[in-house]
Structures are given as structure tokens and as C-alpha cells.
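Labels A, B, C, D and E are assigned to the chains in the order they are written; within every chain, residues are numbered from 1.
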Amino acid sequence: MLEAESLVKSFGKLIAVDHFSMNIERGEVKALIGPNGAGKTTFVNLVTGALTPDEGRIRLDSRCIVRLPSYKRARLGIARTYQIPKPYPNLTVLENVMVSSIYAAGLEGEDAMSAAVEALKYVGIYNMADKLASELNAEQQKLLDFARALAARPKYLLIDEIGAGLSVDELEGLASKIRAVAKQGVGVLYIGHIMKMVKSVADWVIVMNEGRKVTEGTYDDIANNEEVIKIYLGEKGAVE
Amino acid sequence: MNAGPLVGYALVVGLLEGLYFAFMALGLNLVFGVVRMVNIAHGDLIVMGGYLAFVLFSAFKLNSLGSMVAAFLLFFVVGIALYYVLVPRLQGSSDPEMFSFIAFFGISMFIEAIATLIFGEYPLSLPFSALLGGSVEFMGHGIPKAFIVMAGVSAAVLVLTYYYLEMTGLGRATRAMMQNPEQSAALGVNSKLVALFAFSYGIALAGAAGAFTPYVFGNIYAAAGTQITAIAFTIVIIGALGNPLSTVIGGLIFGVFYQVLEVFVPSLAYAIVFIALLAIIVAKPGGLLGGEQREV
Amino acid sequence: ISTKKPSVKYITIGVVYDSSGEFASSSMPEYEGLELWASWVNSHGGIYVKQYGRNLTVKVIALNAASNPSTAESDYETLVNTYHVDVLVADFGSVMTAPAVSFTNASHVLLWDVTGSSFKFFTNNNYIILTSLPVSPYFVLYVPGFLHMLGIHNVAVVYDDNDFNAYQAYFLAPGLSSYGIKVVYNTSVATSTSQYTSLVAAIESLHPQAVLELGYPTNDEAFLSQVEASHACFPLVLTNFPGQLLPIFVSSEPTAVNGTFTLAYPPIVEYTPQVASKLGLQWFGPTLPQFESMWVNFTHTSPNFLAIAGFNAGLIIQLAIQDAGTLNQAALKQAVLSDVSGKVMTIDGIFNVTSNGMQVGENPIPAQVFVWPNGTTTVNLLYPSEYANATAIYPEPCP
Amino acid sequence: MRSELRSPVGFGKREAKELAILAAVLAVIFLAGPLAYRNQFFFLSMMIYMMLAFGINMIYGFTGYLPFGYTVFYGLGAYGVYIGLVLGLHPALAFIFSIAISMAVAAVLLPLFRLRSHYFAIATLAALLAVNYLVASSELARWTGGGKGASLVTIYDPNLTYYVTFVLLLVFLAVTSLVKYSRYGLALRAIRGSALTASMDGVNVPLIRGLAWLISALMAAVAGAMYGWYVSFFYPDIFSVATDVYVITYAIFGGAGTLTGPILGSIILSSVYQFIGIYYTEYLNIVFGILLVLLILFMPRGLVDLLNRKAHLRLP
Amino acid sequence: MRRVQSNNPILEVKGLWAGYGKLVVVRDLSLSLERGTTTLILGLNGAGKTTTLKTIAGILPAIKGSVTFEGKDVTHTPSFQRARMGLVMITDNPVFPDMTVSDNIKLAARTGDSRVVQEAVKYFPELSKFLSFRAASLSGGQRKMLAMAMAMVSKPKVLLLDEPSTGLSPLMVSKVVGYVKLLKSLGITILLAEQNPSFISVADYVMVMEMGRAKIFGRAEEVGKLEDVRKTFFQVT
């Protein structure tokens, strides 16, 4: 289990994450939603070690990892994607993915190579394997991010806003892939604003606002929660 | 040695010179900030400004303040020419910062060689009276009046530049163009003109600052450029690259540190200044006034 | 290098110089002095070499090191191994001479060192001769006695962290203490230093009777102009280079240099055939006025010490070749030691080297510089008495 | 259709063959060269520049961090040997001591990697100047010789220096090739692309980049020690910005991040420098200056890239 | 394909081909905007929406074809001049990260007068907390909000808006739809590229792009009903 306990992170006067707690079990998909600036990305940054929390604890299978540098967390099985993709522009797509199959998953030689190829095929950008990552468009870069995260053979996967800009068909495909990944025993935290996506992937939804947890529950609970409608979904609820 | 008055004296001289150092480094910072060019020839341009002041004084007895204005105008034109030769191509390259470093090194070698051919190898210098003779007494020691004039002019240039970048539409457009060229163009910023102006202004500042080098550095010679570039760079990074206000901090720190150290450990003054600079940058990686960057 | 086929018509002189960079200002006049010597010799039909039974003209092969010691190393090797020069003349100063020292010693090529006066080049080295400037210990030979003569008991010393100045300061200390002169301020600064504002104030606060600033030309200039600008009125300021490069100081710092002291060399000090004969020495080469007019024709500038040093190197080489009658390197060195050293005076002064090749003859003379409002100058030679032509105005006139 | 996908990681037969060919080429140049053109120092300095270019390649080519003050390690390499001898060490130990000093300074400078790359570049320049002034200072002259300079004349042996340098050059070539084709090289290039992503992907960025930095510093230190040993007299100006710039230029001209780039860059440019220097002395810096500008404007990715694209070669 | 003819178009694009170097992305596209109307370009990823907008704005050069703005041929006019004439584009990455939020707004308004900032805050109160922050510290969604404020204060005649809703919360999306309505009510002619069909409700016309060509063009109500379009953009899981 990946647990965050009462995390706090502020930037100057602004408290981005404010005593926020949650956990994920392997095999389940949870969604984290909330208005823009709620602190979702900051939370991911805290869990992966890109930022250090001011307060609070993070535990991976009951081991406290809050002091570990991010590369160690990655090797322990925490992988992520980025809201604004950050591939290695100077590396080919294949090389991009191999960095994580080698360093995060700890694979060697042929194994690393085949794990990378497998991830690319799974995500659907294998045909671009020897292009430079900088030649991909924004959406392909998101998929590359996803492939990198998968090649890390993670136990826990934090997906920050992968759907934005994808077509309905692509979203569908992605949703079923995310569910399939979870079925293989990966705990997934899905962050995104496309409620259809949230509905189709998540077993459980957590709502965040101004750094705090507002409520949590099943998709239907959340979609009908007055406060969530007020701060997040708007009068008419989800899209359409 | 009675240290009290000496330290007071060194502080004041350091502040006066520090303002000039900020002026000296300002153009470098601007050129980097605006077009991301690492102008390693900055010091050589300053030296050429110094030569210009020398020539104008020898030929027309022109005061260095006049030479400064002349240098500014002349180097502005030089900046325009340099811009067209270098900047668009370098900006289109895969690593503009590093490649510009090399290109400007070429320019630096070129300037130094030309300067040697024209002005010969001897150091040249100007009497302080070419700016303003005499000195004022402070803490029992004389401060050349020329230093005070120089510091005043430097402060004025710094204020003017700050005003240009932070308060005017042109300055805002300049910063916008640096950060997001496509969007700034789509909002009506004439990027080429803005960049051309800022770059040429930066080069012109180098030339103008040169008019005072004979006083601060004692003399000018073709090979002095490298050392001046190095000092300018360190000043720029103590502050923050691309932030002219911070250059003032860098200049003052450099000036004061150096003068105070010269009182106590002259032989290690430069070494300690540079070590202190390193310590500062390590403690504040973005420079003293650099903001933190959101990366994720 | 030592075996020359009789068919060869000229003597090749290899020299390294710097057309740019920090040593250019000093290296160029030296190099041009050597070139002037070459054309002078050739206009007289060359040098008679007994081995070939006839006169050979000289040909200078000059390589540029652009003030980079590593390039200089390559140039020295190229001159020796590719051009097989008969005579190898070093670049200016110790920094640019250093790369040649071990190489020439190991290759058994005699290095004609013009101004690389570093003390350490001369230990365990059979293939080096310093032709101009005394080796470091002798540089400041007359300074302590001179200060003593003026009744000075305490001095401030500022020197630069480089070979030339550091050795000067190093050998100055025992001299001063032998006269009981106290060093109240003794510090070095980086050679690239050019801001002396607070340093001058620090010295001022100690009220020394004399300030000795031992630097390179850029340091001396900056120091003098700072002393003037801050109106620090020292009774005596002595710097190195006005005595070598006076015209430069006069044109750039006329008021700052006025009244200050220096160590004088030719052309400020004029050595003449009369002086030579008085000392029982043989005069060789042009007199100073002859040299000056040759130089003016050659370069359209007026000569300084370094130009004379370059020319002088040629003269000594010429004497050595004539005397040895061969281009064999060991024979040349032997000729210098046994027949040239201690026997000859040139425009550069007495040529006198120790058996290691250290120059000890041309000791600089303490002098005082006056620049008159009309731009003319007077340099009074002050010490020792056999050279003195005036007495010091001490303390210096203070504006 | 694309040819079959090769793993970017792994040092196999093909890479070993490539390395052997390159080593053979170097052997021909540096063992036969001095027989044809009798200027041993010309070839020695070419090797030294090549070592430095390999070092720059290791840190800049692979990680994108360009140290403007790289020659600080070169100077320390030379001075370390001198200091070692002053301390009374056996000459062999003095060389080891010199490398240890450089490594120690490199380690002290490690926090500079917290800076963004251009800050880093300039900060190392400050380090170069600081060490330069420290070494020159009279305060430490007891150990460093200060302004009076350093002399290694007691261990002067140019031929031995030459062959030792050659062997070490081959070692550096091999190290570069091993790094380039290993997972370590992949990680370095990843760091160059985005250090943040790399650490999120499990790369121990400080360690791996720090190691590259140390290797790079070691290469410079060895180059400096060999230079000092060969010339036997040197001064604090060995810490020279000019040397830096030449090396950086050589490395980038050849092609940073490649195996053949440093070799080609050093051979071609140091020859150009030598020959322009000899025949067009007055105009050396004018010509070299313009040449550099043109190179960078029209051939910025280096010679190896140009040859590979235009002449359809496949230089590693 | 059906074209709607207009007598007095403010912007007219004829036979436009556009792309990147040798890569042609947009083919033979024609379009005319009636004054005061809002036109929505719907298209999947890579359909060429951004490329079209950038070419109209002059950020990319046209390969072939012409762009006429208020009767003047601007095909070869640099983008900054088009912007000054009133043809403004807000890209999908519109902020200046190292400038403060209020400087971002001032830049877009082409004025140094702080009153524009106050005006913008009136419509976008969420931004008021951040006015003196550097835009780089904003969250993904906050940047989009800033973009809308910038669009508003730039006072364009024709506004080209690229995907203003990506990454926004549903509440914000509906707000953005509202903002577009507001801009429209100010008389601004809008050309909007989106994948989110919610914007059909503000649009007068919809153009559907596929593989760089305009596949469908028509009145919003009609296009919104087309089976094809519904299947691509409205499909419910």
C-alpha cells in the first residue's frame, strides 16, 4: 500500500497541499480530481520526490520513504506521467523508454530492450521507436510518458492528466489500458478533468480543493455531491 | 595599521567602483537575457570602447563623458551589424547558448588581433583629468573625483536600463519575446526589432562602459578583454542572469569585497573574491535575486 | 644541428615571439630588435665563420606563440627539429622562455635567452646564456644601498606574483636587512591587478619613507596613476618600468611619473666606447645614437630598452660565432664564456655571464624621472657614485 | 520500413571492432607521425588536447554541462605533481597525488551541478580563476612555488612522457567508448535531456553525473600532468581560459557526444592552428577567429555529424 | 462540403496550404468569417487545427493560398502587424513564464496602464491572488485562465483561440464557454479550435477538420446533429 499521511507543502504564503492524506492499494484505480490549482500535481510531486513536503509522511508498503530521493522511490516501484510531458528530447523514443526499463525496473540487456518494446507496442507508438522524442507532437509525448511509466514495471502509477487533448476513441483505448494495468496488480492514481475518463477508470474518487480533501467516494456519490458540483463540476455536472 | 578608517575607505571606494562594475557587466547580462547569447567578447568590446576614448581624447581632447556617449552610439551600430551576422542563425541552432559562446570567442580573438594591429601592443592610459582631476578627502585618504563622476554616471545608466526593461512597453515586449516568441508575435510584439534593439543596446553599453576602463583598470591593452569578461561574468552570476537589477548587487558585492580584501590580504584578494562568489552561487543557485523555477 | 654542410649560404636564427596576447607589448620590440640586428649584420656582409672560410649572412626564422607557452614549446621544437636552426633565440621573459629550457638542454642546443631572467633556469643547465638584464638576484643589487644613501630606514614593498617580480622581492629582502632598513609593509598582488585604490590607502596609513612597487608595465602604470589620483604623497616611489619603457609612461602618465624613481637601462643610460675603454673593455656594435637612427628608419618609432635587448642578443651571438669559428653549440657556449664574457661592452652595457650563463653585468641603475611641462624628460642617474650624474630630490616633489 | 531495431545499450563485437580501428588509427598517427614531422611536442600536445577533448566530451557531450573553467583540472594536474615533489613524494606517487588533488577539487565543486547549465559553465570559470590566484599567491608559495613558477626538471624525460601519454590516451578512448555504449551512457544522455525526468525514472542523477564529472576531471588532470612533465617549467598561467576555449572548440568542432569527434577535432584544429601559426603569424588570431565564427554558424553540430549526413559515413 | 457565403467577411482564407518545411499539414482550406460570429474548428489530434490558426495569425508562413483581413491581403504580413491590425491569436501555450501575471495581462493589452489588470480581474477573480506571481508558478489550469484574460484584454477584432479548455475542470470549461460568449458579446469575431463539443453551444458555425482538410462546414445546430460528428466527438462511454 502507498500511503500519504497529512502532507503539507506551501510556496511562500500559498499552501498548495494542506494536511492531505490518502492511500492506494495495488490493483485498484483511484481518481484524484479537483479544480485547477487544487494541488493535485503538487501532491504527485511530493509522492515521487520531485518536491519535499514541509510536513507529513509517505509510506510504501509500510516503509517510510519521505526522505528517499526520487530515484530510489522510482526503483521501489513508483512511476508517474507528467501534466506537461517531459521526455528526453535528445533521445529516441526507444531510448526514452529504456531509461526506465533499465534504471527503474532494474532490467538488463535483452530484458530491458524487450520490456521497452513491449511498453511501446502496448501504448501504440512502437512505429515511432527510432524517432527523436522531440519530433513527437504533444499527444504522442503523453503516450510516450505512459510507455515510460509502464516500462518502469511500477507497483504504483501516478497518472497526471494524460487524457487532455486526446480524442474520444483514444480516451476509450487509454481507459481500458489503464484498467488492464491495474488488473495486473498496479495501484493507479488517476488525475484528470475529463469526467468520462474518471468514471470509466476509477473505483474510487477523491476530491481535492485548496490543498485539502473535500470528500471521497464512488463516482456516483461524487457526481451527486452538492459541494463537488459547486466547486468542481458546475451546475450541469459532468460534460454534457 | 589602523584598520577602522581603512575599511571605511575601502567600503566607499568599493561601492563607487561597484556601481561602475555593474555598468560594465550590464550589457553582458542583457545580451544573455534577451537573445540567450553568451557574449564572451564582451570584455573585448569594452576594451575597444576604452581605445575610442583614448583616440578621442588624444585627437580632440574630448572628455571621457563625451567619449562615452560617442562609444554608445558607435557600438549601437556595431551591435546592429553583429546581430545580423550572428543572432538569427545561432538562435536557430540546437544549442544557442553554447554555440554562441564559441562564436563570440571567435569574435573576441578577432577583435583582440585587430586591436593589436591598430593600436600596437603597449598599454595605453588616460590621465584622470580626461574625466575629472583632483580628489576628495575621505577618512584621511583621497578618493579621485573621477570615481565619483563615474559612479554617478553608472548609477544613471543602471536606472535608465531598469526603467527601459521594467517600466516601458518596449521592455515588457523584450521580456515577453525572450520567453515565448510565438505568442508575443501573435499579440503584436515586433520580435525582430525588439531583439535587435536590446542586443544592440547591450553591445552599446559595453562600448560606453569602456570609456571609463582606463581609470578603473589603470590602462587599456588589447589583451585585457579576457580578464574583463571574466569579471563581468562573475558579477552577472552573483546577481542573476537575465535580470539587470541583480547586476547592481553583483557589481557592488564584487567592488566592496575586492577593496576590503585588498586592505588585508592583497595577495589573495582575487582568489577570495572568486571563492566567495562560488559559495554564493552554490547557496543560491539562481543567483542572489534569481527566482525559483517551477519544473513540474 | 652542429654539422653544417659547406654548401649552406647562411646562418639560420630561430626566434619565437608573440604578436598578440599579454606578452606582445614586450615581445615585439625585442623581436624587432633582433630583426634589425640581422639586417645590420647582413648589410655588413654577414658573419665570418672560419669553418667555412667565408662570410655567411644570417636569416631569421620567426615563429609566433601568441603569448601561449604551449604554442611556444611547439615553436621551439619546430625550429630545432624541422628548421634545424643554427641559433635558437628565446621569446620575451621567463614565462615564454621556460618551455624552451629543459628541451634545449636535453637536445644540446644553446638557448640564447634575451630577457628570461629567472634564477632557476640556470641550475644544471649547460645550454643557456642570458644576454640582457641581470639574473634575478642582481636586479635589485643597487636598491638597498641607494635607499641607505638617502637615509631611509623603512620601506613598503609591493610586488607581483610572477617569476620576475617575486624573485626581485626575494633577493631584495636580505639586501635591505643588511643595511638595517625595515620593511614595514610587504605584500604581493596578483599580476593581473590593476586597481590599487585601497592598497595605496593602506600603505599611506603606515607612512613609509619609501614605496617600492615591483611589477610589470601595466602594474606600474596603474600603481603610479592611483598614487597620483588619490593624492597619496609618498616621499619616494620606485617602480620598475619607467626605466625601461620611459616614452610609454611619459605619454600616458606624464604627471604621475614625474619625480618618481625607477631602475634605469639603456637608452636612458648611455654606454659609450669611451666608458668601455675607461673600463678596459672592448666596444662592439653601433653606438646609441647610431642605433637610434637605425631603429627609427626601421620602425618609425623611438627605441626602448627591449628593442636594445633584442639587438644586443644579436650582437653577442655574432661575437660568439666569430670567435668560435663554427656553429657547434658547445663551442659557441665556450666562446662566450672564455672570450666574450667580461670583455665586451655594447649599447646594452657590460656583457658578463657566470659559467652557468647567468647575466650579472648589466645591473640597473636607480634613477629619478622628471617630466617637464613641455613634455621633455630628464632622468637623473643616482647610484652608485661611478654612474651618478645628479643627486636625488628626496622627498619627491608633491603636487 | 525500418531496419531491425537495435538496442542502444550494450558493448558488443561491433563496438569492440570499432574501438580497435580507432586505436589503430591513433597508433599510426602518434607512433609514426613524429618520424615524418619531427616535432614531438606537436604530437604530444595533440594527444593532450585530445585527452582534454575526451574529458569535455564526457561531461558536456554526454550531460550537457559545459565547464568554461575546465582547465582548472589541467592546471591542478601539472601543479599536483610539483606539490607532490615538494612534499617529498616519490615521483610515481606525486602523479597519483596530483590526480587525487584534482579529484578532490572536482568533488568540492559537485554542488555546482545544482545550477542550471549556463550558470554552471560560468561558475566553473570562477573556480578556475580562484584556483589560479591561489596557486599564484605568495601566501602559498611554499608549496606551489607561487609566482616563481614550478619546475619538474628533476624528472624531465620527454620520450617517456610521450609514450605514457599515448598509452593513457588509448585508455581514455576505451573508457569513452565503454561509457557511450553502456547503460551509464544512456543515463548521462537522459540527464542531458531532462535531469528531473531521469531521477523520476530511477537514475541516481547526482551519482551518475558526479561520476562523469570526476572522470572528466581525471582526464584533464592526467593531460595537465603530462604537459607539466614534458615542458618541466610552468607558471600559474597554465590555468588559462585560452586553453579552455581551444579545448571546447576542438570538442564541439569534432562533434560533442561522439567517439570520433574529439579525435577529429583535435587533429584538424591543432594542425590548422600550428600551420596558420607558422605561416601567417600576424593574422593567426584573425583567421582563427573568423574560422570559428563560420564553423559555428554553418557547421554547428560538428564535423562528425556533417560527414555522417553529407558523405553518408557512419562514424561513431 | 457546404460553404456559407458571406457578403462582408472580416476574414477570408482561400485555398490555404500550410505546414512545416516539406511537411504539408493543411491542404486547400477555404474559410470566411462573418463579422461578429463565432466559428468552431473541431478536429482530432493532428487534424491541423493549430497549424491552420498559426498560419492565419502569421506565425507560420502559408505555402499556398491567401488570407484576407478586413479586405486587405495579409498573406505576407508579419504576425505582429496582423496582431496590431486586430487579428490576434492566443496559442495553447500563451503565458510568459518569467513575467508576473499582471505583466502578462499588460503585454496582451499592449499598455502599461494597470487599469487593464483591474478590468481583467473583474472577469477572472481567481487570478487576483496571483497578480504579482510569476506565471511559471501557476498550475496548468490557472495558466489557461490567464490565457483567457489575455485574450480579453487584447481587444481583438478577430480572435484565434487554440484549445482554451484543455486541462480545465468541468466547472472551468463551462466558465470558459461563458467567457467565449462574453467575448462574442463584445462584438469580437472568434475562430476557435477545440475538441470539446461543449463549444458548439456558443458557435454560429462549425468546421470539422480531418487530415488537414475541411471536411464539414455548416451552421452549428446542423453540424451538431450530424451522426458522424456525434460519433466522433460526443460518444458516451
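What we mean here is this: a residue touches a chain if its C-beta (ideal position, glycine included) is under 8 Å from a C-beta of that chain, and two chains touch if they have at least 3 such contacts.
The structure displayed is predicted, hence computed values, not measured ones.
The minimum number of touch steps linking chain B to chain E comes to 1.
Comparing the centres of all chains, each the average of its CA atoms, the largest separation from chain D belongs to E.
Between A-E and B-C, more contacting C-beta pairs join the chains of B-C.
Centre-to-centre, using mean CA coordinates, chain A is 42 Å away from chain D. Measuring from the averaged C-alpha position of chain C to that of chain D gives a distance of 37 Å.
The centroid of the Cα atoms in chain C and the matching centroid in chain E are 77 Å apart. With centres taken as mean Cα positions, chain B sits 47 Å from chain A.
Those residues of chain A in touch with two or more other chains are numbered 41, 50, 82, 86.
Residue positions 112-113, 267, 270-271, 293, 295-296 of chain B each touch two or more of the other chains.
In chain D, 133, 137-138, 196, 242, 282, 284-285 are the positions where the chain touches two or more neighbouring chains simultaneously. Listing the residues of chain C that touch chain B in their complex gives 19-22, 24-28, 67, 158, 161, 187-190, 192-202, 204-206, 217-219, 221-223, 225-226, 228-232, 245, 248, 252-256.
Residue ranges of chain A in contact with chain E, taken from their complex: 11, 14, 33-38, 41, 83-84, 137, 139, 161, 164-170, 172, 175, 193, 195-196, 199-200, 231-240.
Listed in rising order, the residues of chain B touching chain D in the complex are 32, 38, 40, 85-86, 89-90, 93-95, 97-99, 101-103, 105-114, 117, 226, 230, 233-234, 236-237, 241, 265, 267-268, 270-271, 274-275, 277-278, 281-282, 285-287, 293, 295-296.
Considering their complex, residues 1-2, 5-6, 9-10, 13-14, 17, 112-113, 116, 120-128, 135, 140-144, 146-147, 215-219, 221-223, 227, 258-260, 262-263, 266-267, 269-271 of chain B touch chain C. Touching chain E in their complex are the following residues of chain B: 167-169, 172-173, 175-176, 178-180, 182-191, 242, 291, 293-294.
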